[in-house]
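Read from first to last, the chains carry the letters A, B, C and D; within each, the first residue is number 1.
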Amino acid sequence: MTAPLEVVGRSVERSDAVGHVTGRTRFAADRAFPGMLHLKMVRSPLHHARVRGIDLSEAERVPGFVRALTAADVPHNRYTILSLIGVEPEEEFVLAEDRVRFKGEAIVAIVAETEEAAMEAVAKVRLDLDELPAVFDVEEALKPGAPIVTHWGNNTFMYEGHPCRRVRLGDVEAAFARADHIVEGVYNSSPIEHAPLETTGCIAVPEGGRFTVYTNTQALYFSLDNTSIILQVPGNRLHFIGGTVGGGFGGKVDVIVEPIATLAAMKTGRPVRFVYSRSEEMQVSSTRSAWRIYLKDGVTADGRIIARKVTSYADSGAYSRQTPYALTKHAANAAGPYAIPNVSIDAYCVYTNRQPTSAMRGFGVTMASFALEVQMDRIAETVGLDPWSIRFLNAYRNGDMKPHRKLADDATLIETMQAAAALVGHELTAEQQAMTSAPRAGGDPGGR
Amino acid sequence: MAKLRGTGMAAVNYPTGMNLGGDPSQALVHATTSGSFVVTLSATDLGQGLRTVIGQIAAETLGVAYDQVVVDTADTDTGPHDMGTFASRATHRVGNAVIAAAVEARKALLDVAAEEFEASVDEIELDGHGNLMVRGVPARSMPVAEVASMAQFKYGRTIAGRGSFMKPRSEVDPETGAMDPDSTEAHACTVAEVEVDTETGEVTVLSIRSAYEVGRQVNPALVQGQITGGAWMGMSHALYETTAPYYPAPDHSPRDFSEYLMPGPLELPEIDCVVLEMPSSNGPYGVKGIGEMTANSPIPAIVNAIYHATGVRIDSLPVTPEKILRGLDARRP
Amino acid sequence: MASTIVTFELGGREVEVLVRPMTTLQSVLRNQLGQTATKDGCRQGGCGSCTVLVDGEPMASCLLPIEDVAGRRVTTLESLTPAEGLHPVQQAFVDEYAFQCGYCTPGMVMLSKALLDHDPAPNDEAIGQALAGNLCRCTGYRPIVDAIRHASGAMSGHDTEPVR
Amino acid sequence: MTVQAYLLPRSLPEALGQLAQHGLDVLVMAGGTVAMPLINDGISLPSVVMGLRLAGLDGVERANGRLRIGATTTLTQLLQQNAVPVLREAARNTASWSIRNMGTVGGNLFTPPPGGDVAVALLALDASVTLSSSRSARVVSLADFYTGFMTNELAPDELLAELWVPISNEPTAFLKYGRKHANTPAVVTVAARVTWDGPTVADARIALGAAGPHPIRARDAERLLVGTDLGTDAIAAASAAAARECEPFTDAIATEWYRRRMVGLFVGRALQQLAPGAATEDR
């Protein structure tokens, strides 16, 4: 593209600007339909329990109650978002069967004429639960004797026979043995909520043998295809309409409301609205995973990182959702934007009795960046370099092979750091100023 | 009462897109008889401005003005398949699909014009302001709208294009982790400046200044919006946010916005940035995705700045005043 | 459960609604009157997305039983928006790109309007104090603060360039 | 439960009459900022609710050396009254603008901790409350009003109708420490007042919020100040005493440990504002 660009590169006014400032932009739940019913969920009050019984008799007597949906009503009662792309096993339930694995897990859907009636009926459902021991810490969950969250006997997602996603390049142990310094760190984060201003929700409307679902999903076809599988109806009977999402940040890739709302619309023949309350959004919807990341680096006296070992645990909560993929993405990025010849990464997706976690802005990478960039300062301090110098010294360049054996071809870390230094008035050395991300002479050096 | 100041930095890369089971997007483009072009997608706009930048990319490729393009998104009865809006993929994937569709539609438009002008299609050009002409012959010029109308009513043809872009699936080698998980990498380097109250452990973020390298900015104001909003979210992640305040304990999980802490308009640092453009080899007009990464580098930059200010290295997020105070206590004689 | 009729002023017109007891103003606006500019972000008074003006003062419409509003003057974003063009506050939000997803925007515009009615030239501290109950998850607030300063200039006749 | 009836009395006698009629079944609500979120979420399912917004109980006036504050005076109305600086500060630091336009002074006394900042200020001012029923009215000191977490002296047939604040020119201080600078729940709130007898402290009030099951007085700390010159040592001793005697809790905002530490710190900072030689604008 050598011609000068006309429109690309210009700050044109947003096409939705007037809609947003006048409030005319239509969000999913801004619609109303005649005869619309409201769905509210009965949720587990316990972190881990056996479900012995559900008593709906009092709830059914609430004026305005229309019907309840339990696991038996769901044609294919498995909710596994990534099954669409072949990720197994199927392990989460649309509505709980014999066991609940986190506080807030959906057990019974109540459909009623008004939201108030639905909430009242929810409060009147009696659950008979036997509390089970629960586990909340990623490393506790991996110890022998820990309560088992999954149905396959341990608390990790299995990656082609391994309990973790592995990356191996070179020989880290040999490099540690010849390193001048070993620098270690342990980095923790706790779960984070997406907190979109618009909560997750949809309205499912029966229309002439088809179902139109107005939803704020971030991924219309993820939602449609999963709904099709769960309800065992052909995709051509589903029509999903999205549009502007009132903040996503990854939380609305979860396909959590559409299947059950559509099922309720099928069972009642009426439009059904299912929109999370703010406390559901906070306490039930997926979060960003908590992470624990162990880093061990072998460093030469002059500050070159010759080996990096990463052991990471992401707290998936009670079910997988998108988190197994987060660990793969993490593994591809857990050594950072640095040229390190010997790398070993073990990234575990661990199940606990916590609200499930899923995609969130930067998932797999955000907490890796936190850990790595604090670690870089630790290394700098250990070898007596300043934070800029340690990064320039180790920065990756085009043509370098990353630990997952992909050649870097759009590396610009050096140029970006140079620009940041200029912005804040940090004086770089002449050597740092002269550096570029151009391929190293002689290609990717084994002995760089 | 002492207030200590410190500066910290962080440098990061971030991948554009993913390889989950293959990562495709499709787009359709067609001209109406009034000369506007409709881009049809099923990708959703999360507020980052996808509709706007896709309209810009379509207008650029078609060679028409931005306001001649209508972007119709997010309806599975009309929009062709899209994986969804996540993984910093939308501008890159959908943008590439739209370019392909727009190239095809533009070709159909030029074919009609060439026939009408009795010229070779190579001689026809668009002036970017809604007119088609024979190159170098301003007299032989016609509005796009007229050609589009002629296509329908005189020639019985569509002016339409189909486009798709797919990042093929990359299996991961389970032993070595060899994989091709993304399309390109954007970069950021952030310098944060903080002030710490040694009696309360409270952190005030004074500034977050960053350089970003994003390939190509389709809309600089929207890029700036991501950087400013991301800097705030990074600061929020670093110092405030958690759904399990005493992780791994599950207790005291917030129920509402008074308990779920995020900084407000009185906690804003100075936010400044420069943006470099080093076009990627595979993004539309060289684009790299930056939707997600803007929250990343501020986190370690702030944590490193706290260490620089206080000598207390906090390795767990969020960095609460209590963690800092306990760290300071441990260092007090 | 006896429904009652409540009359109030909305955007200069008297409206009469038949409601079940304690229906909120938010619900009446959104579900009965189709005025969905007033958003529904938490129903806890914690996010500001449902902010409307009652007798010119900002309030959380999710916490206000409609009966309490009887006879009072309610201003929503629908009533603020001129027939043609935009209110200066709205224009400033457009010019400063002071939104991304747009869900907080109606509440932000209403709050900003109220602020400028009370204090035509607020400084950043005053803007921050006023805005502190209206959450935005996208923009980092800076563009919103800039938009209010910009609107302040425009409304006082000192039309300023966009801050950006 | 779907609300069956929403009572909107137009006067105190009407409200008391309706309360006598409905008794325990009625949920009394003033500004709605505490009750409505619970009703909206189905956590509270009342059948009958009484709203006090139109009962004419708002207003602030001076009478016989005291300030009378109607129970449904909004926090914004309180903020607009210049009469008592510490109340103004407390109102200014409570919640957000919209919530201050709705929330009431009376309601603030029923807000669970860490809320209730205005109540902390009132406690430091030796405020009292009038509890009215259709049979009688009694005045109870705010210090005696609270009986535990979310429990108080109010009988089922009583309403909190008005508050009384003695007017004095004694120096006061109000500090609220939260994680944000506005619209923030308290880590700790401190309101302090000192009565001087020449160069020595004759009496002191230190009230704490988010440091117990309800707004509390730090009585040990108060006692330690009497007879001192409010010098550095006296302030340090009182701060330490307050940190010892408070009963803070852990929640999503802060731990018990951190709150206790901040009680000591912020009691100290508040007393420093009242000490001789402090910047005069605080006096």
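We take it that contacts are C-beta pairs under 8 Å (C-beta built on N, C-alpha and C of every residue); 3 or more make two chains touch, one makes a residue touch a chain.
Here the structure is a predicted model, which means the values were calculated and not measured.
Q: Look at all chain centres (mean of CA atoms) and spot the one farthest from the centre of subunit B.
A: Between subunit B and every other chain, the largest centroid distance is to D.
Q: Check B-D against A-D and say which one is joined by more contacting C-beta pairs.
A: Output for the comparison: B-D.
Q: Provide the C-alpha centroid distance between subunit B and subunit D, rounded to the nearest whole angstrom.
A: Between these chains, centre-to-centre, one finds 48 Å.
Q: Can you compute the centre-to-centre distance for subunit A and subunit D, using the mean CA position of each chain? Integer Å is fine.
A: 42
Q: Quick one: subunit A and subunit B, Cα centre-to-centre, how many Å?
A: Roughly 18 Å, centre to centre.
Q: Please report how many Å separate the Cα centroid of subunit C from that of subunit D, as a whole number.
A: Inter-chain centre distance comes to 30 Å.
Q: Two or more other chains touching the same residue: where does that happen in subunit A?
A: 13-14, 16, 195, 244-249, 277-279
Q: In subunit C, which residues are in touch with two or more of the other chains?
A: In subunit C, the residues touching two or more other chains are 42-44, 46-47, 97, 99-103, 128-129, 132, 135, 137-138.
Q: What positions in subunit D touch 2 or more of the other chains?
A: Residues 2-3, 37, 41, 180-183 of subunit D touch two or more partner chains.
Q: Which residues of subunit D touch subunit B in their complex?
A: Residues 37, 177, 179-185, 250-255, 257-258, 261-262, 265.
Q: Which positions of subunit B touch subunit D when the two form their complex?
A: The touching residues are 199-200, 240, 245-246, 252-254, 256, 258-261, 263-264, 266-267, 320-322, 325.
Q: Okay, in this complex, where on subunit D does subunit A touch?
A: Residues in contact with subunit A: 1-3, 41-42, 45.
Q: Spell out the part of subunit C that touches subunit B in their complex, as residue ranges.
A: 42, 44, 46-47, 97, 99-103, 125, 127-129, 131-132, 135, 137-145, 164
Q: In the complex of these two chains, what residues of subunit D are touching subunit C?
A: Touching subunit C: residues 2-6, 8, 31-33, 36-37, 39-41, 49, 51, 53-54, 76, 95-99, 101-102, 180-183 of subunit D.
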